[in-house]
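Both complexes shown next keep chain A, but they swap its partner, so chain B is in the first and chain C is in the second.
Here is the complex of A and B:
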């Protein structure tokens, strides 16, 4: 359909206008992170850029420890979720039974349980089990939290793997284990990769359990940034530097996984 | 259903391992770990929450124990804070849904047009969704909305106006603005995907028949989007009912209880006042609220599911 010049002009104005408005807070944070603490309190656009805040965040706040926690927890939980989900999705996609449909929908419904509804028991279980403020504790929670999404996404990908190939492998005498390892895994590697990416994004940004179940040793970046909320912590440039570093890697991941995000977050309901 | 089909007569009998019953058992074995952990993850905390909600259980007052009957619930519904928190929860939900669904639909239509730099603009527009909630909340509160140092204040002064102290004067609206900023990109992303699947020939035909842009939008695009919109509404509802981090780092539920939603109330009961029983009763209410929505969401998704 040919757009009239007016439509085109409107699309440019509204499209770019909305994009710049929505992106402005992020851009402003990055900009402020290069200001000195004194300059950060004025909304000046022109200033002498400095890396002072980044140095301070690294030196004083032990930024790397929090970042490392985020990395370990996100990757650990993603790996754990995948380890559980790959066999399950395989079984449901290639050996469906009468119960498969119900199982999938039930898995989805566990995702609907509001975290705050089970905060008390989880907190007490963690306290009694010595899991409070440990990385392994968050790994378990995040893996369970994302398991339904991960199973669903893998299931969708497996559904697209041509059955003939597996059939051929089975004819050649491949056992179930071999079938998964040598045939299915290579075929669905792109699917596993993008599923993992989505899981990483969700783990990295999770801020309910991380705020409630960690304090110092296992606190990831979401909790570290929250420590800037105290009134004494009103150091805008340092807040901006820490925020920029916390957000940048996952923002790039997010840009690459837009499509999978739609599939994963709507459970295939919108394609 | 590859397993169920009988082996071709021509082929030699399959080895024992590949026989049918083995595969079915193997299938169960592969599925079992996920089902078991999810079942535990769902049942154990749920039963504990229910159980605690009928118990006297306070971590700072260990002498008071035992069966409480409906006391925790009675205490909850006679607490004015509870009703305020319920109201705030619903206001946040309704306001954010309105902004994100209306804004997301309009932006999806805009981003479906071809214009220079569209892909870059789209990437910029969806970026807020990938920002962690604690960062969004603090950046908005300090860098943008701070009356003295923030950008909004500077703009107001530029126009000769008095800067607004957003979190003091309009605390709930401020929280809503932050949450809407986070979720608008989500709505845009989902709805854009749905708009792109719209058949262009249909719109072309409508245009030939003399339908204007507005009529096309209301009679073709919007009906086509209705399913995607309902999915967006339901998924956002699940998350928006329990907004927490944004409130935790900006207002801590205040001033007073102006921004206390149900999630924050439960958190305060449990981890600040150590009232396990009372917090659990609140938790049960949150679970019921979420399940009303979840019921429709699961049904709607199930209709599309092909196994």
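Here is the complex of A and C:
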């Protein structure tokens, strides 16, 4: 069915409207970051831009150290989560048992517990394991936190891969490892990529555990932003500058991988 | 599989392998060896602490064997972070920045190291008495004050002049209401009275508690029964509710200290009653559009004149779990010393020195000249007396808070109920009745009575 010009125009308006609405808070943050503290409290669109806040933020905190921690922790946790989720989702998708459905739902249900409910036990485990303020500690907690979502997404992507192809591989003598490595991974690569990207973004933005389990050595960008919020004093411009600097890397990364993300999300549709 | 396909998968294989090696490599670099005298300081992102962080290079030059690591967090995040750490004895921090609310409670728990045997040069008797007493538990100091504050009334001299009004040095709440009614000019977005409305024990309840004290009320009777549903609270909350509805800015329930600061600094408030620290910020021309029109007066009084008003201090303390206590103590005595105050004066000017801690600061003619509000702040702190009595005797201490661990929860819950009167969801009667029974329940569960 072909869309009428009116329908197309409406779709374009709605599309742009939604995009602008979603982008507005980010645009406003970026705009505020170039204002002076006195101007930041008024909603003016036109003002004399200044780099004062950026200078201040750079002088006060070691941005690169925080950013590096964010990169290491997000990529590390995503890699760890994928390493567990790829075989787990394979087993569930291609060799289901009576309990597979239940297991999948149970995994998802663990996401329903508010993290603060387990703060003290996790904190004690980390203290005893010497994991407080270490990157490896955050990598483990983030991987565990994202594992249910990653398994679920991979499971739905695998479901789109015809079992016949894997069977043909088995006929040719491929063992489980080879089957996953040589057949399943290449076939579902866009799916894996978009799953990884989602996990990366979730890790990057996670603020509860990173604020509670790190102090200096492993503190990522979320701790960097939190250090610019103040209970006494005007700080909106500096906070906006810190936020802009914190979201910039992942924003750029997302931009470049947009194609793969869309490909992954529409994966499985008729090609 | 074709030869070409295999080559591609082999290639992919090696790419994945390389990625795995790279990730493992990243972790290997993450373990850092710690030097013996490295101390971790947890602090809040307030202006005076930012200055301390910047000037700490002077300390490191004087003490090359002590290295400093800073954890700067927002007040509530820091409180949660530090409380978790100290309650689980994890020992992540060597120096904590905590308020005078926490110090006696944590000292009682045995979480803090006493600050005794201070060197004579530190001149502990120079610390302002009400501030020092707030940090004392069973005769021992458990923290040293970094800066202190009370509260006062800020007003716009130009608006008062235009309306033909004069602000007395020590106004009463009745006068304040008349002034607010006259100045309010809603079509021009001028609101006669700005007050904290954001719910929270350290937000709206700080102001409400001092207002209740001024009207002859208190939080608990001598048997720890809450006394919220009483005439004194009714009078106080009715005043608060009606003045904010008649003369306050729209959406007052989302205004805390910072929001009101922004409103006043951009010229929307006729009066504002809040922490003395705002003085320095409102006089700063870079941040405030009304720097030349700011006047100040004492906190207003109600029917009971001698009530404790408002005293808050940010202090540095050493947790018992610290493994670097000597180095931590060296830093704290430096950061709260007379020499440090002089260093700030030399680097940033006298108006920027941390206020409210030492007599010697207020005796200094340079400070008096640079900070026109200095005398007011000193007077406000002197009369704040958190150990003073309310009209009816009370079993607790604290000026704008109650120094018991349960108060964070109680204060925030009652704060939400009082905010509900401002939005019109509840009447004052309903709110106080609800707050009374909720507080009674919390206190019973906490074991104060059966």
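In this section, the second predicted complex is superposed on the first by the 188 of 271 C-alpha atoms of A that agree within 3 Å, B and C clash if a C-alpha of one lies under 4 Å from a C-alpha of the other, contacts with A are read in each partner's own complex, and residues count from 1 in each chain.
Basically, contacts are C-beta pairs under 8 Å (C-beta built on N, C-alpha and C of every residue); 3 or more make two chains touch, one makes a residue touch a chain.
From a predicted model like this one, the values you see are computed outputs, not experimental measurements.
*Asks:* Tell me the contact category for A:16 with respect to chain B and chain C: first, second, both or neither.
*Replies:* In the superposition, A:16 contacts chain B only.
*Asks:* If you stack the two complexes on chain A, which partner ends up touching A:88: first (chain B), second (chain C), both, or neither?
*Replies:* A:88 contacts chain B only, not chain C.
*Asks:* Output check: A:55 vs chain B and chain C. Expected answer is one of first, second, both, neither. What do you get?
*Replies:* The answer is neither, since A:55 touches no partner chain.
*Asks:* If we overlay the two complexes on their shared chain A, which of chain B and chain C does A:201 touch? Say first, second, both or neither.
*Replies:* first
*Asks:* Between chain B and chain C, whom does A:182 touch in the aligned arrangement: first, second, both, or neither?
*Replies:* second
*Asks:* Once the structures are superposed on A, label A:120 by its partner contacts, choosing first (chain B), second (chain C), both or neither.
*Replies:* both
*Asks:* For A:212 in the superposed arrangement: first (chain B), second (chain C), both or neither?
*Replies:* Touch status of A:212: both partners.
*Asks:* State whether chain B or chain C is in contact with more residues of chain A in the superposed arrangement.
*Replies:* B
*Asks:* List the residues of chain A that touch chain B in one complex and chain C in the other.
*Replies:* On chain A, the overlap between the chain B and chain C contacts is residues 41-42, 119-120, 123-124, 211-212, 223, 226, 228-229, 234, 236.
*Asks:* Using the touch definition up top, name the residues of chain C that touch chain A in the complex.
*Replies:* Those in contact with chain A are residues 1, 8-9, 12-13, 19-20, 23, 26-27, 30-32, 40, 42, 44-47, 50, 53-54, 69-77, 80-81, 84-85, 88-90, 92-93, 202, 256-258, 261-262, 265-266, 275, 277, 281, 286-289.
*Asks:* Considering the complex alone, what residue numbers of chain A touch chain B?
*Replies:* So the residues of chain A touching chain B come out as 1, 3, 7-8, 10-12, 14-16, 18-20, 22-23, 25-26, 28-29, 32, 40-43, 84-85, 87-88, 90-92, 94-97, 100-101, 103-105, 107-125, 144, 147-148, 151, 159, 163, 166-167, 170-171, 173, 175-176, 201, 204-205, 207-208, 211-212, 221-223, 225-226, 228-229, 234, 236, 239-240, 243, 246-247, 250-251, 253-255, 258-259, 261-262, 265-271.
*Asks:* Of all residues in chain B, which touch chain A in the complex?
*Replies:* Residue positions touching the partner: 1-3, 11, 14-15, 17-18, 23-24, 26-28, 30-31, 33-35, 37-38, 41-42, 44-46, 48-49, 52, 106-107, 110-111, 113-118, 120-144, 148-151, 154, 181, 184-186, 189-190, 193-194, 197, 200, 203-204, 207, 213, 227-228, 231, 235, 238, 241-242, 244-245, 248-250, 262-263, 266-267, 270-271, 276, 279-280, 283-284, 286-287, 289-291, 293-294, 297-298, 300-302, 304-307.
*Asks:* How about chain A: which of its residues touch chain C in the complex?
*Replies:* 36-38, 41-42, 60-61, 72, 75-76, 79, 119-120, 123-124, 127, 132-136, 139, 172, 181-182, 185-186, 211-212, 215-219, 223, 226-236
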